[in-house]
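Both complexes shown next keep chain A, but they swap its partner, so chain B is in the first and chain C is in the second.
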Partner chain A sequence: MKTETDNINNELMPRTTGVVHNMVKLARNTRRWIYFRLFRTPIDILITCIISALLLQFLPKVLAWLTWNSVAFWGDPNLCTEEGACWPFLREKIRLILFGTYPFSEQWRPALACLLLVGLVGLSFTQLLRLRSTVIVWTIGSVAFFVLMSGGSLGLVEVDSIQWNGLPVLLMLSIFSVIGAFPIGILLALGRFQKEDPVLRSIAVGYIEIVRGVPMVMVLFMGLFILPLMLPESMNLNSLYTTLIVLVFFHAAYFAEEIRGGLQALPKGQYEAAKSQGLTYWQSMRFIILPQALKCSMPGNMNTLLGAYKDTSLVVILGIHDIMATAKMAYSEPQWQQYGVEAYLLVALWYFCTCLCLSTYSRKLETTESKAAK
Partner chain B sequence: MHSLEKFMLRLSEKRTRTLLYQGLLIAFILMFFYIACVNVNNNLAAAGIHIDYGFLFSESGFDVNESLIEYSSESSYIRALFVGFLNTILLSFVCIVGATLLGVAFGVLRASQNWLGSSISFLYIELMRNLPKLLILLTLYILSINSLPHVREAYQFFGVFHLSNRALYFPTLIWQEHMITVFLTCVAALIVVYIYRRYVNHFKDKTGQDLPFLWPSFLFVGFVFFLVSMILGVNYSFDFPALQGFNFAGGGEVSVQFFVLAFTLSIYHGGQIAELVRGGIQSISKGQEEAARAIGLSYLQTMRLVVLPQALRVIIPPIGNQYLNITKNTSIGLAVGFSDLVSVMNTSINQTFRPIELMSVSTLIYLAICLVVSVLINAYNNHTRLEKA
Partner chain C sequence: MKSTAKLFAVATALTITASQVQAGAVMDDVKANDEVICLVNPNSPGFSVPDSQGVFQGFNTEFCRMTAAAILGDADKASIRGIGFSDSMKTIVAQKAHMASRSITRTGTRDANPGMSFVVTTFYDGQGFMVPKKLGVKNASELSGATVCAEEGSTTLLNIADWFTDNDMQYKVENINDKSARMQAFFSGKCDVLASDLTALASDRQLAKTPSDYVLLPNIISNEPLTLVARPDTAFETAIFWSFQVMLNAERLGVTSENIDQVVADLDNQPKAVQRLLGSDSAAGEMATALGLVDDWSYQIIKQVGNYGEVYDKHLGSQTALDITRDGTFNALVSNGGLLYPHPIR
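Showing the complex of A and B:
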């Protein structure tokens, strides 16, 4: 955009060439950028001043705490002070935070299991495999995960699931709950969307609305207190699997709502066309409706997935030891009590990176799909 | 033979089949519930318990660390649940207000031209969208517990507010007999102001001229307040918190738990709302903003009068969803020991082992809260929606 001042500047500017000219141009552009992006209106000036004042006040303190006042990762933990972060604490405790009370000599197993799950998720995101091979790979992968974690076969020492802690628990609960919840969500959405069967419809509506109206902590408590009561006395569920089941049924309601949105967004002609081709209900769903509806609802589903992954951390309240609980374990020893923030920063780093990957992936999915639609 | 054939024929009809499926489904659900109930009954009977809501009125025997109404360990369970309910409502309200303010501020900043503001809000939104709320809560909680001073060395603000790692202490108004009359008169004065406001709008529609509104209404309400206070002889005095032994006495207090919870949920949901607000603003065509600037409105006027009202229509439904989430997410207060509804319920269950009764009551309360919130949001949504031509 060319303004009047530009023209004047050009006239006043001596005719220079080469490097000098470029530098003058750069300087002018910088000045213009600073003016337009920082100080154009009084409000802008005010905002810029307030934010820079706050940054100048707090940023040096935070940076000092993080870097030059801290004791380095390979340093001596005895030198830690209140002024800076104590990174040696993480060096000492990182295995406790990642794998908790899993037998120390066997910790390669949860490490491998985590890598396996992360790899599987990454593989599914590349979309190289078709649906059937994905299912096969995931089945093998999950069996391998549980064999690795619980042992008892292939010459591995048996480890009780009470001792499963930290990262593998987080990954297991979040990934398997989403995998279980998605198909149930589809069924619930179909049940809610159709008109022929009012009984099924009202059951689906009631289920979805009740689950969505109650906090997750409450639903988790229901699993903890009521689910065992509903089973015959001979059956004993361990709390990890109870939590997994509850998470599956909890997230299913949220997925169902997103998928129903996709079903509703499809033009009516698609349903009618499928019917006029003589397809049965299940055929038309399988080949015509669901592929489109799922594609339509993908952004919402990815959002739900991200939320589900973040909310898996709430199982701590139930006493399941995921990565947040092991972080707490790490700093609850008397000598490390000052360094809770460092432990949580590590957890935050993990969550931030993984969530960023997920949201970047979902954004990419959206853009490629909107391009494909054109 | 004849009847069987007829039956088969009818079975091939679609309607009959649907009916049959429905019957089977109902039977299946009933059977499921029946088995579940039998199991629950057996399991409870083995523990010597029968489902009975009568215990809700017996003495609870546990203390709640924060309460808006009078409560002691001699109060009943139902009262304890009510205390938890009130705490949940209060926390939700504070968080909804805080998250809305933060969300609108950062959302507008994110959509603005200002590079510094835009980048700061980008950072803030990304952080909040990619971190779990419980992590933020626990980090802030141990930060405040570790870095705030003990009660005896509490920070002072203006000599009347005291902040320690246990609570914030503040002065409270000492209640007097006629205050309720003063309060009601002020409400009446505000109603008069509201009527005047409508008249001002009406006048402007008719003649295009502005009548003074702000200062006359302030003056009017202030005048009414002073006059009635003078006539009734009400004097306003405060109960100041003062250090006595190991704690503060007098005044009111808000626990650090409440503080941290309110702050966490406000910034967490503020981030989500900011993203919605940004999306809403950017969905309004650029021409609207340029047209507004062209007729000489300032940036703030453009936002307030042209862009935000239009963006509001796009963002109200998802923001309403966020409000519902805030209400539900107050239950993470359990992690820091704030006595909200779920926390009180949990304590009661651990004491009585009556999960069925307590959970059904709390679920109903939550569903009622959510229903009320969504009805309010829908009413507001209908109010702001463009009328269909």
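Showing the complex of A and C:
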């Protein structure tokens, strides 16, 4: 749909080539885009006006706070004012936010441990390794992570887990809880999606529905206060490991439901075909059903994984110092009390970047999987 | 009869030996590991907050350092760890730490727990009120009908209820658990009064745009003796108690970390009390032998940590952001009208 002015412009303007032509084309396209997207109907015009007014109201202030009114990262913190962000605060506190009260001279260890975990996740995403080598690499990596963090061997100073703070705690809780939860989720899903054993089935259903029916905060509290009562007294689990165990069992229920969806989505013929080949239950699951079901449920699983990752920040309420708690520590010192926003912006940036990576990966996975299916 | 008495004597002797062996266990553990594991609040401005290197700094951490200086001769051998309130009690009872210096109020029921001992009160806190200056309120008895902002689920609310009912006044409470939200509500005028412990109020005031627009009322409606907690061990507890007395005596006698070397160099011309405090063959020396402390423990405490007044001024005093008044409060020395009473080192 061309407007009248466009036609006139076309007639008046001589045919130009090269840069000028492209620029004219670009200008026309832009104008058209603006007209069609923003001002086509009276309602569009109204919405555009309202949103622009709001943006004009707030955007300059936010931008000013973030940039020209702020004190640069390498600047002098004494120049910080209320009008702008105080980036030198982050320069001063970055290591506290990342590693908390881990002994300062030993902080290369949590740094290395974090790199290790992030590297392992990245490596698994490339899908270069087969399942067996992935398991081996992760086992070695996890042992290395705990040796690095706790020390006490290989000439490393022992560091009590009370002093583990910040990023390594976040990565450890989120990654290991998901790794632990996924196999349990598969078993729960299989338990729920079968008819031979009604007892097993009702146990799986009961477990999944109870866990999914209560808020995570409550499960965390229950775990912290009730789990120690069930264990023998000599097993004095510290709250970090208790939380990890609780998270594993919590996320397992969610994975179970996603995987059950995958199991249900498979055509019945697949099950019958597996049976007709004379495969046992476990063989048919291992070779026929699960590979397809897991593929089907991948988008849902990635969704659960993202949620699990972000929910990890709730452990703050149990007195575990993940990156949210260390951000709070950073602006608790009396002379830095005003700079909470800067600290939380850094944490938000971390979460945003990592979640973006995860969701991009899952979208890529979906497209490759669906292409492969075709 | 005779044999019963004998048996009794043997039994008593056995109990005494047993308890003596037990008594030194924590002290021995500290020496064997060459560190004092000391629990603090992970996030309490002025009292214990990690600095940019992740090392805890603040008023409460100094008593961890004091203990390490007295027993091990080096204040830096205090391994200071931040941990939540209920976890810290559990950790002490589970024998995973030696002491806690984290503003724990000494109460009867807590003291009745055999797994932990309250040793000595380092700070007398109490619940108070903060109001905007423009309200013109001078005393909490003028607060009838006020809206009070307070933290949900704390003893704060119970104390407020007690106080307002006892004084026959109406009030409304805004329970806001999150600190930032509570501050926002108070500074924006949604509540007239903010109620909390005095030390917390002093640090909260710093969050205001102009802190001087807000005043703390003189009424203190609860007693909060913030006390050091140790794992039960007579020798260890005695060491902490008397180390604290050294800090009080040093302030009373005007000995500081700055001037202590001059004082020691010229010890013979010092008052007798100073000689007893710092001389090697004096009362302090005898105590060191009896308690198993380093020989010059009193010197090390004052040199490395400072006297009580120095520590107070450094973390809470008028030149800090917290600016918690000391003169005329319970936390002054007895000679200045407070409750801190230096016990005699002799």
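Note that the second predicted complex is superposed on the first by the 347 of 374 C-alpha atoms of A that agree within 3 Å, B and C clash if a C-alpha of one lies under 4 Å from a C-alpha of the other, contacts with A are read in each partner's own complex, and residues count from 1 in each chain.
In this text, contacts are C-beta pairs under 8 Å (C-beta built on N, C-alpha and C of every residue); 3 or more make two chains touch, one makes a residue touch a chain.
Because the structure is predicted, anything quoted here is derived from the model rather than measured.
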Combined model on chain A where chain B meets chain C, clash or fit: clash
Touching partner for A:Met329 - first (chain B), second (chain C), both, neither: second
First (chain B), second (chain C), both or neither touched by A:Gly340: both
Touched partner set for A:Glu106, first chain B, second chain C, both or neither: neither
Touched partner set for A:Gly319, first chain B, second chain C, both or neither: second
Partner with the higher number of touched chain A residues, chain C or chain B: B
Which superposed partner A:Arg95 touches (first chain B, second chain C, both, neither): second
Contacts of A:Asp160 with chain B and chain C, given as first, second, both or neither: second
Segment of chain C that clashes with chain B, given the candidates 9-17, 171-179, 279-287 or 333-341: 171-179
On chain A, the residue positions that both chain B and chain C contact, one per complex: 328, 338, 340
Residues of chain A defined as touching chain B within the complex: 36-38, 40-41, 43-44, 47-48, 51-52, 196-200, 203, 210, 213-218, 221-222, 225-226, 228-233, 306, 310-314, 316-317, 324, 328, 338, 340-341, 344-345, 347-348, 351-352, 355-356, 359
Interface residues, chain A side, partner chain C - complex: 82, 92-93, 95-96, 99-104, 107, 160, 162-163, 165, 236, 239, 318-319, 321, 325, 328-329, 332-335, 337-338, 340
Contact set on chain B toward chain A in their complex: 18, 21-22, 25-26, 29, 36, 39-40, 42-44, 46, 109, 112-117, 120, 126-127, 129-135, 138-139, 142-143, 146, 298-300, 328-332, 334-335, 342, 345-346, 349, 355-356, 359, 362-363, 366-367, 370-371
Residue ranges of chain C touching chain A (in the complex, touch as defined): 42-46, 49-57, 81-84, 87, 91, 94, 96, 180, 203, 206-207, 209, 320-322
